[in-house]
Structure formats: C-alpha cells, structure tokens
Amino acid sequence: MEPRIGVFVCHCGINIASTVDVKRVVEAIKGYPGVVHAEDYVYMCSDPGQELIRSRIKEKKLNGVVVAACSPTLHEATFRNTVSQVGLNPYRCEIANIREHCSWIHTDRDKATEKAIKIVKSIVEKVKLNDELLPISIPITKRALVIGGGIAGIQAALDIANAGYEVILVEKNPSIGGHMAQLSETFPTLDCAQCILTPKMVEVGQHPNIKLYNYAEVEDLSGYVGNFKVKIRLKASYVDWSKCVGCGVCMEKCPTKVPSEFEMGLTTRKAIYVPFPQAVPNKPVIDRENCLYFKTGKCRICEKVCTFGAIKFDEQDEFVEEEVGAIIVATGYELYPIEKIGEYGGGKYKDVINGLQFERLLSASGPTGGGVQRPSDRKVPKRVAFVSCVGSRDPELHKPYCSKVCCMYLTKHAMLYKHRVPDGEPIVFYIDIRSDGKGYEEFVQRAQEEEHVTYIRGKVSKIYEDNGELVLLAVDTLTGEPLEVRVDMVVLGMAIVPSPAVYELAKKLKIQIDANGFLTEAHPKLRPVETLTPGIFLAGCAHAPKDIPDTVAQASAAASKVLEMFSQKELQHDPMVATVDEDRCSGCGVCVTLCPYGAREIEVKDGKRVAKVNEAKCEGCGSCIAGCPAGACQQRNLKDEQLVNMVKAVLE
Amino acid sequence: MKIFYYPGCTLKTQARNFECSAMEVMKLLGYELVELNRWNCCGTVYSLASDDLIHKVAPIRNLVRVKEQGGDKVVTLCAMCYNTLKQANVFFNSDQEARDKINSFMDTEIDYEGDVEVLHLLTVLRDEVGFDNISKKVVRKLNHIKVAPYYGCLLLRPSTVAIDDAENPSIMEELLHALGVETIDFPYRNECCGTYNTVSAVDLVIDRTYRIVGLARNLGADVIVTSCPLCQFNLEVRQKDVKERFPEFEQLPVIYFTQLMGVALGVPTERLGFELNHIKPKVLMEL
Amino acid sequence: MINKVIELSEQNLYACYQCGKCSAGCPSVKLMDIMPNQVIRYLQIGKPDKVLQCKTIWICASCYTCSVRCPRGIDLTRVMEAIRLIQLRKNIDYIKVREISEDVLVSVPQIALVAEFRKHTA
Amino acid sequence: MGKPKFAFYWCASCGGCEETVLDLNEKILEVVDKVDIVFWPVALDFKRKDIEVMKEGEIDVAFINGAIRTSEQEEMAKLLREKAKLVVAFGACAQLGGIPGLANFWVRSDIFDRIYKKVPTVANPEGVVPQQVVEMDGYKLTLPEFYDTVKTLDQTIPVDYYLPGCPPPPDLIMNAIETILKGELPEKGTVLAPDKALCDTCPRNETKPEKLSIKDIKRPHEVIIDPEKCFLAQGIICLGPVTRSGCGERCINANMPCRGCMGPTSEVRDQGAKAVSFIASILGVEDEEKLSEEEVQKLIDKIVDPAGTFYRFSLPASLLRRRRK
C-alpha cells in the first residue's frame, strides 16, 4: 500500500504551542516521505478539529493519520473513532505525543520543536507499516464475583444482582457487614449504622441472585476478562449450617473465652461463635485456633448440647470453582496498630483506645450497651481526649497519607460522648480539620458552636499514665503554649491501612498495589474504579481510605462498570497483541514463563512444541517479544521492522 | 576477657563511683575493662553542623587509639561519651569525603577506616555477658525495692545510635529484672533532665528534676538508676534546689546501674563508691 | 537565612507543616520564648531576626526528642545547632564565662562545662 | 563448459572448518568429481599469484572460513571476492567472528602483552613482540598487520551465503554444495540451515516444565547431568533457545548444553543480547517476589564469564562488536 499519510498537529491551546513551534513542525513534516498532507489546529480533539481530520481523509484520500497531540492514553480512542467514521481502519491512526513527552517537559523552544518533529517522523514511520486490524471478540460470562462483604461489597453485589445478574459474594469472616457493622452512628447525619446497614445485609442474604460464600477466601484465579475461573476456599466452620437453626446453645455452653474481634477486644466471645447478633448468615463457626477440643482433644461440649447434630469436628476446608466474567475487589481496611506508636504507650495503656473501640463503647449493641465507660475500670470518663492523625501524614515514621475519615469521626465521637456524658469534656487535638464532604463542615461547626467541643491545634507528643489519669504532652500552636492535659481516656484516630490479605490477593488476581499497599486504579481521574487488569474493578477502602458515602458511590460505580460489560454481547479486545510465527518458534517456552497475563502456552502440533497466544488474555505488553530468543514473536503494529524504522527516524 | 574501655573526663572525677562500680562488677563477671591509653576528651556533645568537621576529630582520635592498641571495639559507660563517639563513627562511615578530610587532618595517626565498634556497657552486658548469666550470679535479694530506670536522652536518640527503642526501651528493665529487682513503669525514663543547662539555666534543670524525680516517687520508686553522670548530677544534686523551692518535695537516691549491680552481685558496698552519692541509697547500703 | 540554616543543618525546613509535635514533647519548652515549631515557621515566612534573637535556640538542650518524633523527618536538633552557630560564628557568646560563679564551676561535672562551652560560646 | 571452480580459504580460525570438509568422507569424491578445486592452500599447492591472474568471476564459489584479524586475511578475502561469483562464509568464525572474535574484549596491545610476555610458559626477557617491518642485514622482513578488532567476513566483503556452525556439519555442507551445483539458489544473504531454534529439534524439548525457571545455576562439571532432561530445567545454561538448529544436536547428544555456535535465527540481530534477555527472563522467576537484591545478585554471579558465555561465537557480529573504551 502506497502510504498517503496525513499529519495533524494540535496546539492544545497553549499547552503545546507555547513551547513547540507548531507551524514549524507542520512545515518540516510536509516533505517527509509518505506524508501527503500536514496542518495544525488549536484544539484537534474538539468537534471542528475532528471534522477537519475527517474531511482531509476524504479530500486527500489519506490511508494513514498521525495526530501530534497529547498522550495516547487520553485521546487515542477519540481519534481512532474519528478516522473510522470516514471508513479508515482505526489502527491506521496513531498519536504522536508532543505534549507529555515534549512541550510539558522542555523549556527551550527551539530544541523542543526539533524533538517534536522527530517524534512525529517516527510515528509516521510506524503508521506506514501499521496493518489494518479488527478488534478481537471474546465471549462473556455474565456473572460477577465480589470479594469482600463490607459495605462496598454489599452495595456492589446488590446493584449487580438487582440488575438481574448473578453475583458470587466471598467474605472471609463468618458474617458480612465489615467495619460498618461495628459503627454506632454515622457522620454527619448521626444515622444509626446498624439501622441502615443490617437491612442491606439481610437483602444480600436473601437475594435470589446472590450466592454468598461467607467464611471463605479466594484461593486462585485463572482465565481472563469475561471468562474468569475462580477457586474459592470454604474454610471449615465445623458446623453444618444446613442443620443449624441458630439457637445459640452451643455458644452459651462453650467454655473457652477469647477476645471478640467484633468488639475490638473490649469483651470476649466463645470459641464457637457468631461475631455479632445481627450477623448474616446467623450461623456459628468454631475457631479452630482457640477451640479446646482442637487444642487438647477433649471437650466437645457443643457437640453434646446441639440437638440438631450440626457440629462436625471432622470437617475439612472445601474448594468450589465458579465461572465469572467480572470481579470487584472490596477487601476494605484495618486500623494501623497502636503498638507502633511508642510515644503514646504502644498499646500498654488500657484507656488509650482506637476509634473502632470507641464506636463499640458508643454502640447500643456494644459491651457497655452504649454507655461510655473506660475499659480499665468501667468508670465513666469525665474528660476524653481525641487525637487525630495518629500514624497518618507521617512519612518519616508511619504512613504518609491522610486517613480521610478521622477528622470527621473524632468530631462525631466528641459529639456523641457529649450526648452520653453531658458533663463530660471532650478535647480534640488536630492539625488541620478536613471536612470536605456534604454537610461535613456544618457538622464540625455544630460540634464547636452547639456542643462546645474544645479543639486544640497541635499534635500530641507523648501520652503516659499517672495516678489513674492519662497525661498528654501537647501544645496549642495557635496560642504558642505548651500544655499538659490530664484526661480519663484517650481515643486515637489511627491511620487506615489496607486489609493485610490484599497483598496475597492482588498477586493472585494479577492486579497492582501501590507503595502503601492499596489497590491501584487504572487512571486516577478517568478510570478510578478499574484496575489495569481488564474485568477486575475495585471499590471502597481497598483502594484508598474513604468514608461511607464515597465507598457506596464507588461500589455503585464499579457495579455499573460491570453492568456496562454485561450489557454487551461480546467483549472487544484491543488487537495489538503478540503473534507467533510458527515456522520460527522452537517451542522453548520462555514466553510462557515471561507472560504476566498467562496468555502464552505451549501446544504440541505434529509432535512439536509450538507457542501460542491467547489473544483474549494478551495485553500487548511485549515481554514475550523482547524475551523470545528465536525472534519468533512479533506484536501487531509494533513489529521489529517498525521499531527499527522509528528509531532510525529519530536518530536521523 | 578484656575489653577496651573509654572513660571520659567525668568518670575520673565526679563519677568515680560509676567507674569503680563498673570495674568491680565486670571483674566479678569475668571481664576486664582495659582503659584506653592516651585517650582524650570526646567533646561531650556531638557537633551537628554540616560544615563542622573539626569537632569530629576528637572522638575519632579516640577510636584511632583503639585501633593502634589492637582493638576493634570500645565500651563506654558515660552516655554522653557513648553518644558522641558513636555518632562520630556513624558519620565517619557515611561520608567518604569527610572521612578522607579527617584522616588527612590527623596526619600523625594511622588512617581510620571506621571499623571500631562503639558499645555501651549495657549492650555488652546483654549481648556478650548475657542477662541470664548475670542473673545466676545474684547473691543479694533485692526484691524489696522498686527501681525507676532512667535512660535519659543519649542512649536512645538519635535513632542512628540508639541502643534500644527510643520510646519504649527495655534493656535497663531487663537487666534490673535479671538482678531480681522490681521496676516501675516509668514514663519519664526517656525524658531529658535539662543536661548542660545546669550551668547557665539552672531553673530549667530544677523544673525537670522536680518532675522526673517527683513522678518516680509518685509511682513508688525507692531509687532511680541511670547511666549518665550528668543525668545523675542533675537528678540528684539538684534535688537540694528543688527542695528549697518545694519544701514538700521528698528526696530520692539516684545511682548508677553498675552500683545496683554491685550490690546484687555481692560486691562489698564500700567498694561501690556510695560516698560520692549525695543522697545515700540507704535501702541498698544497709543490706 | 533559611538557606544558610538548611545548608548547615541539612534539613528541609519547607517540609514542616506546623503540627507542633516538636514543641509538645520538648522538655525545655516552658523556658522558651518562641516554640520550636515557631522557629521553623519564622524561617519559612522570612523573619530570621525573630529566630536569631530568640532564647529558644539557647535553651534547646539537644535531647533529640523532637527529632525522633517529627512526622516529616526534620531533625530539629540540627536546625537549632545551625542557628546557634550562625550567631556564635559572629563571635557572639551566649553566656559570659567569667560570670559563672566559682560554686558552679566546682560543683557541676566536667561534661556539663565542656558541653555548655561547646554549645554556648564562640 | 568445464566443471565449476571452487576455492577454499582459511582466515582467523582454528582449522576445524578445513577438516570438516574431509568429514564428508567418501562423499568428497563425488564433489571432486563434479568440481574443480582451484585454490585450497591447506591441501593443494596453488598460490596467491595463481588467483591474481584469474579473471573476475572466474571462480564459481569461494568458501572462506575464519574471521578477519590481519591485513593479509583482508587482502585475500577481497581478492577472492573479486574473482568469485559467490562467496560463502564458512563456519561460525567467518559468519559471526567465532571464538577468535572474543579477542574484541581487549585491544591489540593487551593481547600482545599477554601472549608474548605474560603467559607463564613464555620466556621473553627482552620483551620482543612481532613488528610489521624488521630490517636485518639489509633485508626487510614484513608481517601482515594485526588489527585491533576482529571482524566477520561480511564486515569486510559482501557475502552471498552463510554456512553456520563450529564447524559446519557435513550434511549442511553437502546440502549447500548440491544446492549450488543445481543452481537452485535462495535469496542472497541466506544462512544455509534451518531457521528455527535448536529447541525445535532438541530431543529434550518435551521434558521442559510448563514454566521454565532457573532456581540455581550449575556448571556442567558441578552436577551429574540428567541425559534426558532439558538442560535449562536442570539449571545449566544452554543456548539452545537462541541458536539456530541444523547442527545435528551433537553437543546435546554428548550430554553437553548448546553453546550457540550455529548463531541466531534470521530474526535475531544480536545473539548474545537475546541470550542475556532470555536467561534473565527465566532466572529465579519462581521466587522473584521473595528474592532480595543481594540474592538476585548472588544468583547472577553464578554465571561465570557471562560475556564469554553469551557471546562465545558472536561478539564481532553483535551490535556493540567489541569492548568500547
């Protein structure tokens, strides 16, 4: 095909034009071999800009287009769509990135222009040898997997299920509900968390489209977008839930007490337990680690008292396999351990507690029935300090990021404390008050104006116990005075960290995690609920610290992404994938080892090993191509010959 | 076993009780502290400015002496000496350019390669002698007294030279427990005593002493144990000034950990230098 | 001035977000005229005189409490030293050695004297 | 028309290529029957001057083995190029530079220093090294120039075909001769051997695990090598994946890993670089996440002489060609 390439250079307002001499780029490229047309325009991505490209394709009978503009991640799809509207194969259109790769990072106009010209020339060389490609079609299994049964997972599962598709919901704990189930009231409306959450939990439990695997974990994942196969480990609960009616006698009689995870260690549970009364499903499990029978071989009291014969000590972990087309990861968060904050006692003071513990003290269903009593002696604390940014915003020693919710929940805590203990004195220590959500600032103002909560700007340096009181070495940075504050109890707004299991899970799912262990989104602005692995989405605090409204919104967004997928007959996959020249392939298998997506495998053909590409799984990363020792792999539209020509164009 | 020992100025004068008790205790444990020949003042405070190399010469020179005398480690008792020698050594190992400069400045000495280990006696007791072994040699029961361990600053900070966790250290408690002594959970054990401000801002030191000793007493301590001659001075001698200002204030003896060790291990109390202690730890001396 | 302090202390003073943890934990803060975090603040907003004339830098006892707790990793002990040195290198002593009483000289340990002279005299 | 005229010449190589012609055994008689060998210094007494008087293109095929290391070799290569219709680079040294090409890791002075002065068995107290011109008793003695850099044949003269191998296997030689005699010539520049990597024909290919991963590198003398199992799966560096097949798996059958003498396949520009890339791709991948930097370094350090391992036969033909200053 004789190349007839058109080059369209965008000013991007002044983003490009202020550093790159756009006119010079146009002039320089006009005589370049294969280029039959070149022109510039102020906003190529605008409607007139796109129209300009379309009309030039028709007028000049262009068979290739280079748009010199911003990064292809931004507008490659836009321009490919533009050219296809007038019958040009979209893969004959390429972007020359002269913004992020040129104008934004240089200051010398002359040199930047030279560089822009080279970038454009090299992309022209690429387009010359670009094949016309068609997207790859992949079938799609219209069932979703949601990992994590907190509010994010619950919301996502319900949205998908209500749209008419089946959902598999996997929760590692005996009950769904997550941390939200532990909260007493929620800011800024002071809605009772249980009242808004538990109906949703019940809905999940009863939904005909939701298959709930509680006390289960994702063991392994294979397959690819639209066609995942997930292996789920059903942890042995030692209770036959089909026989159990939830009468609770076993829990009553069990002799072993261990600190309750749900109550944040403020009270105990039994070794056979339901985490909390409103649990869904409301069926007990035996905690193997602590069960007397598993530890000593004696006891079996629960078995004796169960009139339904539901106790099964010989139960083993089981595995089930499910086929799903999309996955939402909603594994949530944990609080950063108090033990890491040595200057605040490192966990040795009973009355220095974290926010979730205080939620339990406030909760009507908590160990104190909602009366605020301090853990050490059950005394009602008359002065309580609330300390924010504990372990957060501390790149030197702990976590660099803001935990997003502490400002608000500590305000809520101070307010609720005041409601429960009207003569109590709450003191909030803060650095900045971040109250950016709807109704949040008003909420903080209410705490200050109406509830007279004392806010002291300054980070507490040390906490110690003296005479049954806690002493805080602090400072009021606004008055410039050092303070030594004595209180009865301290609530720490601990940093929020991702659920520890997410690291292993991310490896299994082949999705990325960031430096802080949170899941990485595909694009921080434009693709906030997608991972870089197609078909896997994220929601809630697994992604970053966030509050309930944001979590719910993100969960619904992830669900809608899944539903968008499910609304199509087939999935379209980018055709820029690896190819194998079977006449060259020796079947050495290096590509199989290299492929991060599991898209390469060895096939035996006529007794010989030959590598093949699963086009649906291939993401076109190029690892196998670089690694192929025999040069038998090529990538569509990034063939070696093209790359060599592109390099030559730059080095010319 | 012999270990090179760097005394520093105060161990030879006001803190002779620290030195003599340490010598006695180590002898009993089968170690000999060999005083470094030709040691010089370490400078007492480590110089912190980026362009100030000259003040690092003094501590480094002492480490050169260790090398010259065939050693590869040196133990200190005084927390200030420990801190200064150790910080200088850490710096020496982190900055090649500075190392070359300092070496060429000390042109009569052998070149120092940064390879002398600077230790504090507490870590030697833990890592080489072993607290278990010390425990086996205890002959006097001291379970009737409660001790407030006091670390001060320079054993724990900055983190590059710390012998233990800066906020929740435990080495001294572990040693004291090995001696069969009960310790209090002492929140002020790593709080500063006011240090050299005792010369020109004595009010500050009086305030610190009032708080630190006061809290120790409140928490039921019979004696404070420390490892720094300046802490010992401030916390003990300044109690007189505290008492003048706060007549209700009750005094508390402040001794070196080696003195307490000596008592527990059966060293005759007259050899532990208690005569230099201004407030006599009667609970220990009358055993 | 801030650049000189940064050079001598090798600390990034622009990293300070004024949380006040240094001042809250400082054992000497009661006797200081401006608080440790304010020392950095005055440098950040270009008021070096406040810092050069303050008592704070001389009261600081180099105990490193602020340094080990600073969430932004600023070694404030070194910052204080840098500011002290800027003064001392002008040959301005903070204390008058001759005025130290005989009583004090004979009573305090050598390390206190050496440290005092090192930190407070040119 | 007379019989086609063949010439053989030997440049910088060990001589194995000359011998391998004789490995054709009785088939050599057929060859001699069909062709006239007009030049073969090792076997026949023809001299340079006999070639010089020939017409351009008078020789039908010149088989040149060895790399180009001296001025004499360069002159002879150019002379034969002038007189021959076809030039075949014969063997790994002519094609890729071969073992002599490893000299490109040094410069001439280093090499002379070593060979004439430092080798333990050399006694050369006066430090004599070869000179290009020496005058003695009024006579002038000359030696060819010893170049700094070893070149492949095609870096010196245009080459029509390549016969790979160290030395080329007899069946490939015979194949090539027959092809030429029949006149069924492939595209110029073709390597007269299969264009797949050795794994394709390797009898051990089936024994490869699903995912190839090297946990620990072993040298052949350190282990008892399983004679059935893929070398790489045993942790022994084998260049089979990055080397053209056609050798008859002689090394493999002798239970030794492939060292890469057949050169890369036609799609690969730099055999050594590809070898590094593929070994890096499978080295320690199984425990990738768990390995510390130091452990990775330790693993890599077990490759003794990596440059010599990966560029054993192809350094002059690589992208870098030689050590840069």
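Going by the order they are written in, the chains are A, B, C and D; count residues from 1 in each one.
Operating definition for what follows: a contact is a pair of C-beta atoms (placed from the backbone, for glycine too) under 8 Å apart; a residue touches a chain by one contact, two chains touch by 3 or more.
Only a predicted model underlies this, so the values are computations on that prediction, with no experimental measurement involved.
Q: Give me the ID of the chain with the smallest distance between its Cα centroid and the all-protein Cα centroid.
A: A
Q: Between subunit A and subunit B, tell me the centre distance in angstrom, where each centre is the average of that chain's C-alpha atoms.
A: It comes to 51 Å between the two C-alpha centres.
Q: Can you give the whole-Å distance between the Cα centres of subunit B and subunit C?
A: Computed value for the inter-centroid distance: 24 Å.
Q: Between subunit C and subunit D, what is the gap in Å from one C-alpha centre to the other?
A: 72
Q: Return the distance between the CA-based centres of subunit A and subunit C, expressed in whole Å.
A: 45
Q: Give the residues of subunit A that touch two or more other chains, as numbers and ranges in rising order.
A: Touching at least two other chains: 343, 462.
Q: Using the touch rule from the top of the page, what residues of subunit D touch 2 or more other chains?
A: none
Q: Can you list the subunit C residues in contact with two or more other chains?
A: 30, 65
Q: Which pairs of chains touch each other in this structure?
A: Contacting pairs: A-B, A-C, A-D, B-C.
Q: Which of the residues in subunit C come into contact with subunit A in the complex?
A: Those residues of subunit C that touch subunit A are 17-26, 29-30, 34-35, 37-38, 65, 69-73.
Q: Mind pulling up the subunit C residues that touch subunit B in the complex?
A: 7-10, 27-28, 30-31, 58-59, 61-65, 67-68, 75, 77-78, 81-82, 85, 94-95, 100, 104, 107-116, 118-120
Q: Where on subunit A is subunit D touching in the complex?
A: Within the complex, subunit A contacts subunit D at residues 507, 581, 583-590, 592-594, 602, 608-609, 623, 626-632, 640.
Q: Considering the complex alone, what residue numbers of subunit B touch subunit C?
A: My answer: residues 8-10, 13-15, 41, 43-45, 47-52, 55, 78, 80, 153, 156-159, 166-167, 190-192, 194-201, 203-204, 207-208, 229-230, 233, 237.
Q: Within the complex, which stretch of subunit B touches subunit A?
A: Residues 165-168, 185, 187-188, 215, 218-219 of subunit B touch subunit A in their complex.
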